[in-house]
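One chain, subunit A, links the two complexes that follow: it is found with subunit B in the first and with subunit C in the second.
Right after this comes the complex of A and B.
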């Protein structure tokens, strides 16, 4: 019970702070005009949902592939994977979006901006996922590899039965966090006019001359997606702690 | 079994773990390697088990040289069993899967047959109630007995035990040593690196003392432990008797 009271207190304090801030600004709330565009919000939210889902799927494919390439015996492949991961993680997503949209996609003759958007998010997140998986694989102890060798496992069997299951488990919390990041980061796709959640909210702003009446629903809409994922990540983390 | 090690050198970086070790044993069923920590007994055991290759020198078991080439080495590893100090069970599998999986994937058992054999071994080591527990839920002694069961499951020619009781308290040590004794009684060929002098003396027929990467002394177990001839062996064994 006291947990809920404490939680309520925290929320109350936060609300007071927000209220004070907006009062100082003498902000004129105009919810009615913004709420008239409910459907636009909903459409944008759904677009963000499926763009994120598809991006996540391809990000895992690309990330896993990059991790495999990172372990390749053929050095050029290994360096290619290394350069991909470092460049992608080291540069702003905004620059990548412009580069892929105006240069790569144009040269490749890809017309559909949604395809380009999903590809960009998948490539961007794939680099982070690859890094998470790499750390997970390297975290599997030397003693486990020794044990696999003693048993007579082949390299493939060692990877399949010893390394992969343990690496995936230890990577799960970080992968869940990366999923939440991907959902939020997809908001930047609004700059290439992909009609996702953020762009729709901005359009409502422009039509109704409001601002926070659409930004708050926007933030709330992302929270609905990210909060459960982060909670899941936390619970996985706790479960893994008990197991070892 | 007959063991022959000729001028075996093993280096890790700049460190010389084995410094031209020579050791010949004509016939033994259970050999104990004893000696100070870091003296080279674990390295010797790993080379004999085919887990690592020597930097130089040759190793022969029953007249056959241990190969260096990957596929031959893997084939050799399938014919021996290894038990480690830290058990090295797979933490994501339960006890029975830890034993059954290698039987199925490496030794070509059917899934049913592998589980049946794993279950039998767990019964034999009084682990019947623990078959579906993960290693994290097992005590050290239980884990080590599962590891022994895993090592002997495919009926290996030789079982190598690398300080199997060094991480255990006296009660669990007794548990594990009893399990090892049943292997000796069933005429399994064993090679054990250990700090348990009493066990080495009564369970092993041959003892080799290895220190500073070289052989110090080798011979009949009670003779070497009770009446060491070399000064280095006397110094090592005296340290044990003193406390």
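Right after this comes the complex of A and C.
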């Protein structure tokens, strides 16, 4: 009961704050013209949803692979993975999008901008995921690995029953955060004319000259994608807590 | 003993039914609220704030020292001098200019903006000072010669977001797929690489982009419609509209536009004469 009252209090304060901000602006609301373009919002939201979903899948694939390569015994592979992670994390996504689309994809003859867009997002997020996984694995104490060897676990068994559950649990919050980031970062794909949520909202903005009437649905649309991910991550975290 | 211990404790006891963290956050919110409500809307009336997108040479651009320069900037300066005000240029993306004007962040838009019906519904316009039209950049080996050739099923047409090219394409292209770009350079690169079939923009931009990619693109420089550039003014600001219109008339008759044309566009003027197309400035 008191939890709900506190929650309501927080929401009330927040709405007071927003109300004060907007009454200071004297903004003329014009929801009708923005509402006429609701199909554009819906189409964009769906595009963002599947672009993010596919990118996420490949990002985990690339990220896990990079983590494995980072532990490889053959040194060139290890350095390659290191260079990939550092270059990708150290340069702006905007530059990467332009570079991959107009230079790499053009040379490779890939014309479909959606394919290139998903590949760019997967490569970009993969670097972050790889770092998160690496930190999780390295966070498992040396003594546990020694204990595992002492009771005769094989390398696979050590990985499956000692390293993986702990690494996964400790890296879950960061992974959920990275997933939310991927969804939001996909908005940058608008610069190569991928018709996703942000670009469509900007188009409504440009056609109707309404700014907040298209930005609020935009914020809300991203929230309904990112909030469930955060909740899901919390609940998995709690389940894994009992296992270890 | 701390000198303020007693009184601070007294204040804190008032809030003691709340846990510690929430006290801090409520104080934070309170301060932010007061700050917002206390902010006065007034701005210095001696400053004329002009909004433009500084990525449209030679009208709106920046020089080597990152200072605004170009035809529109000199025009704005002359207008500010006439009104007896200090000029401040705000660099705002094209699609954001009208919202900025509507919310009072800027006083005027001088950004090579064409007067259209849709725009005139949300802002006022001065009399027009330049007449131009939309042209098309196509890839070199294509066989398009007019806007009709481009509007085919399966064709892809690039436009810059919020420009008249965008508005025209939305209203008139029934068959082609329209792709939106934020940057003019990206749109022309798409034509040069053959990723899209055409790019619709105004005459001078198409000409300049064609010069940049002359071995991969072709420019159709005969405008297929006509439009005119005006200065954007907030609705209801009739006093300023009259002043701006007077300024434009005087600037025209005193040869201000011709001087700017000679200074910034003499090369293009000669080229257009050679090509046999009407030049707009």
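Please note the rule applied: the second predicted complex is superposed on the first by the 224 of 244 C-alpha atoms of A that agree within 3 Å, B and C clash if a C-alpha of one lies under 4 Å from a C-alpha of the other, contacts with A are read in each partner's own complex, and residues count from 1 in each chain.
To be clear about the criterion, a contact is a pair of C-beta atoms (placed from the backbone, for glycine too) under 8 Å apart; a residue touches a chain by one contact, two chains touch by 3 or more.
Just so it is clear, the model here is predicted, and its values are computed rather than measured.
In the superposition on chain A, no contact is made by A:125 with either subunit B or subunit C. In the superposition on chain A, A:179 contacts neither subunit B nor subunit C. By the document's definition of touching, of the two partners only subunit C reaches A:102; subunit B does not. Contacts of A:205 after superposition: subunit C is touched, whereas subunit B is not reached.
Once the two complexes are overlaid on the shared chain, A:195 sits against subunit C while remaining clear of subunit B. In the superposition on chain A, the chain among subunit B and subunit C reaching more residues of subunit A is C. Of the two partner chains placed by the overlay, only subunit B lies in contact with A:157; subunit C stays clear of it. Touch criterion met: A:166 reaches subunit B, while subunit C stays clear of it. In the superposition on chain A, A:147 makes contact with subunit B only, while subunit C stays out of contact range. Taken together, the two structures place no residue of subunit A in contact with subunit B in one case and with subunit C in the other. Subunit C meets subunit A in the complex at residues 22, 26, 29, 32-33, 36-37, 39, 41, 95-96, 98-99, 102-104, 118-119, 122, 158, 161-162, 166-167, 170, 179-183, 186, 189-190, 193, 195. Those residues of subunit B whose C-beta lies close enough to touch subunit A in the complex are 49, 51, 74-75, 77-78, 81-82, 84, 86, 88-92, 101-102, 105-106, 134, 136, 150-151. Taken together, the subunit A residues at the contact with subunit C in this complex read 6, 13, 16-17, 20-21, 24-28, 98, 102, 106, 111, 113, 190-193, 195, 199, 202-203, 205-207, 209-211. Of all residues in subunit A, those touching subunit B in their complex are 143-144, 146-147, 149-154, 157, 161-162, 165-166, 169, 243-244.
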